[in-house]
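In order of appearance the chains are A, B, C and D, and numbering begins at 1 in each one.
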Amino acid sequence: MVNKTLATCREAVASVFDGATILLGGFGDPGLPGQLLEALREQGAKNLSIVHNGSGGGTHALGGLIHDGRVRKLTASFPSHPGNTSFQDLYMKGQIDLELVPQGTLAERIRSAGAGLGGFFTPTAAGTELAAGKETRVIDGRDYIFEKPLHADFAFVRAYRGDRLGNLNYRMAMRNFNVPMATAAKFVVAEIDELVPVGAIDPEDVHTPGIFVDHVVEVVRHPKYLEITTEGR
Amino acid sequence: MSLTRDGIAYRVARDLPEGSYVNLGIGIPTLVSEYIPPDREVFFHSENGILGMGGLAKPGEEDPDLVNAGKQYVTLLPGASVFDHPTSFAMIRGGHVTHAVLGALEVAANGDMANWRTPGEKVPGVGGAMDLAFGVHNILVTMMHVTNKGKPKILNKCTLPLTAPRCVKHIYTNMAVIEVTPEGLVLREFAPGMDPKIVQSHTEAPLRVAANCREMDIPAAFQVVHATA
Amino acid sequence: MVNKTLATCREAVASVFDGATILLGGFGDPGLPGQLLEALREQGAKNLSIVHNGSGGGTHALGGLIHDGRVRKLTASFPSHPGNTSFQDLYMKGQIDLELVPQGTLAERIRSAGAGLGGFFTPTAAGTELAAGKETRVIDGRDYIFEKPLHADFAFVRAYRGDRLGNLNYRMAMRNFNVPMATAAKFVVAEIDELVPVGAIDPEDVHTPGIFVDHVVEVVRHPKYLEITTEGR
Amino acid sequence: MSLTRDGIAYRVARDLPEGSYVNLGIGIPTLVSEYIPPDREVFFHSENGILGMGGLAKPGEEDPDLVNAGKQYVTLLPGASVFDHPTSFAMIRGGHVTHAVLGALEVAANGDMANWRTPGEKVPGVGGAMDLAFGVHNILVTMMHVTNKGKPKILNKCTLPLTAPRCVKHIYTNMAVIEVTPEGLVLREFAPGMDPKIVQSHTEAPLRVAANCREMDIPAAFQVVHATA
């Protein structure tokens, strides 16, 4: 019997190696796998390359991982979290690399990787500073730039319900980057609120089919991750 | 006199047509949703995967899984939908979102816009700004007409890195409503008590005054004495 | 009040013009807008360019439209319907053009159009007959071919439930090409089984948000479209 | 003796591992799902947007909105999911579907496969064949070992237009199980009553006989007297 469940976040992050590239889902708190991140922080792997929309704040979750000096590179669309952050400190000291990617391009590059494509042309950023060094092409009279797929070693996502086959269901605005990220890494782990029996998620309500997922871990939602954040877009 | 921030939002809200699909940036744009006439259906889109967004959630009624692009807890209206990032940006880049109301640091006479790199910022961030500026047909800029130091923000040419070239269709400020046309900027409306000459004196780029240029029709509550006018 | 409902399929197809390109959803019967097709057949527009997975059989729906000589070009992945068909007859006589596209490439080209992209590189068909004349590129050591987005004037799709805002919900295997097609045309009409009040479709169950849809038409499902077909893949 | 069509399907089914995600082509491959050992979980994928497909629907119990890629009415198993075409082909092209069992007209010694253009066909059709052949790591071919006219289908070089180059990993026929390796074809098993020489005599491409090559372990019900052997 296929059983993708793991008992703890610790087991789920055990195989993360130094220098790994990790897709980290979530946008704000919804869909952020905060407890996998805390487990990763304890696990100790370093020189990580993290792909996430933002850079996190405070000293928990992603902010904590960056604070601990464990991240060598961040690929993000909005790392400019208001206020002083660990990311800002390290970035100003030249101790962390940043690849800044427009949000839609970031999502599409991840989807492209998961879908087995070799890249795509997007109009976004054509002719701007963020297109510097990128291949450009005029297609049907419009300027486009070429963007490559963004593959990763690991993806950590958060969903609402999951089953032992890895099927995931998200509530409300939790899908965000989680849906494409779950398709684009060699090893995909989902932190879920509730492990349900196979069949409890209606076939029409499976947002990430189990084919994409290696493991699910049920966690108790920590109130810390429910705080209202003030992070900008 | 000039408009308050809410006044600018109020003025933009009047121009969003029935059935439009609108993305609101942070700052003044966020206020726009408050001023949609009650008999008009306008659908608000949020980059993180929401269409049909309602107002902010009341304290104590926040849904922890439902924030807007500014990470504020929001509500959904009947008929709303939620989806993932690739779908959300397909809506933006594919031209399905009909209007985006964005803040800007600078706008040029040809519609060039700069709003993603702030002078002196420590860490750059672009978010969804470029996708919106490149993908949405009607880019409506809301901003104060001049900087805190009184310098024009509507320029002959942008000095900051561009978000997108030639993307702005209309500019709504505390002083004026300006249309970007292939022939340059056209002054459509000015704040109560102002006139085209005053607006031009705060604008680097030349303004053509529309034949039907008029004083804005805006409630007194949205007007303030303008410090620099 | 926004109201995208139309009373009849006739109104829904009224604006189709000679020479129009039409995306036609469905795979087999599920998701096929059969009654819009019958209305289109009556409407009379000709020299149509149809994009659909197959070529239809018999003399109703797409088969009927082709039978009537109204289609000048078919873009499809599997037009080789078993048995003699109107498509086969016209194709053998050189009276209808065929653009043969692998099924996944067809779906992705349509999605690419709806998502505002300029095209993408896919490994599918690289080095085969179907890549003849296409741009090729080696990306990270693998061969890819370039495929352009597939835009259209009209998209006709079929959903299960819909509301006056154009929100659509599909049952079971109805989503198929309908989801991407609804994003990729200038004018999108959905044939639906049931018009429901706004809010009746849960936000998490909207598979095609109303932003993509111009009109919905409620129809009574015709038993003719429930026949078991024997069309191959 | 050689295997029936069901025998080929039975033999393939034994090799699909627990937890595999499998796409079945039409013809012999369709039969494979019948022979998965009951204690083994294998998930069947259908191009038109189904994962976790069960068997064919019983007459009178068809769901009009649920067909497989062959347009037959099917059922879903618990844990199934449905999705759109772009997602379905992301599963295929992205390498998430682990196995595809496909019919073929010709397979070459280097793993080249031809299965999309039939000689003499009037209208060409490719369907999802190329996406599968290019995207899925384990391409398992099932076919009769020779044509109706007794000619080999396992060739030094394909004569028909390729579906994909170097894609086949294993070939299952009524006579043999053959592995495609970088060094050429390796005979792993032969049908009961056959031997490696007989198999080679029906195969154009040279076969190396594996050190542990053996007679297939297959129930008698799946064996028939082979006309050409």
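The rule we apply is simple: a contact is a pair of C-beta atoms (placed from the backbone, for glycine too) under 8 Å apart; a residue touches a chain by one contact, two chains touch by 3 or more.
Remember, it's a predicted structure, so these values are computed and weren't measured experimentally.
Participant: Using the touch rule from the top, work out which pair, C-D or B-C, shares more C-beta pairs.
Facilitator: If we tally the contacting C-beta pairs, C-D comes out ahead.
Participant: Counting only Cα atoms for the centres, state how far subunit A is from subunit C in Å.
Facilitator: 33
Participant: Between subunit C and subunit D, tell me the centre distance in angstrom, where each centre is the average of that chain's C-alpha atoms.
Facilitator: 30
Participant: Centroid of subunit B to centroid of subunit C, CA atoms only: how many Å?
Facilitator: Here the centre of subunit C sits 36 Å away from the centre of subunit B.
Participant: Take the average of all CA coordinates in subunit B, do the same for subunit D, and state the distance between these two points in whole angstrom.
Facilitator: About 57 Å, centre to centre.
Participant: Residue numbers in subunit C touching 2 or more other chains?
Facilitator: 108, 111, 115-117, 122-123, 170-172, 203-204
Participant: What positions in subunit B touch 2 or more of the other chains?
Facilitator: Residues 76, 82-83, 86, 89, 92-93, 135 of subunit B each touch two or more of the other chains.
Participant: Could you draw the chains as nodes, link the ones that touch, and say if you get a line, ring, star, complete or other?
Facilitator: Contact pattern: none of line, ring, star or complete.
Participant: Following the definition at the start, I'd like every touching pair of chains, please.
Facilitator: Every pair of chains meeting the touch criterion: A-B, A-C, A-D, B-C, C-D.
Participant: Would you pull the subunit D residues touching subunit C in the complex into a rising list?
Facilitator: For this pair, the touching residues of subunit D are 25-26, 46-50, 62-67, 69-73, 76, 82-86, 88-89, 92-93, 117, 121-131, 134-135, 161-165.
Participant: Touching subunit D in the complex: which residues of subunit A?
Facilitator: 1-2, 111, 113-117, 163, 165, 167, 183, 198-199, 203-204, 206, 209-212
Participant: Quick check: in the complex, which residue numbers of subunit C touch subunit D?
Facilitator: 27-31, 55, 76-81, 87-88, 91-92, 98, 100-105, 107-108, 111, 122-130, 160, 170-180, 207, 221, 225-226, 228-233
Participant: Can you tell me which positions in subunit A touch subunit C when the two form their complex?
Facilitator: 108, 112, 115-123, 137, 139-140, 142, 144, 148, 170-172, 203-205
Participant: Flag every residue of subunit B that touches subunit C in the complex, lowest number first.
Facilitator: 18-19, 21, 41, 43, 45, 51-52, 76, 78-83, 86, 89-97, 135
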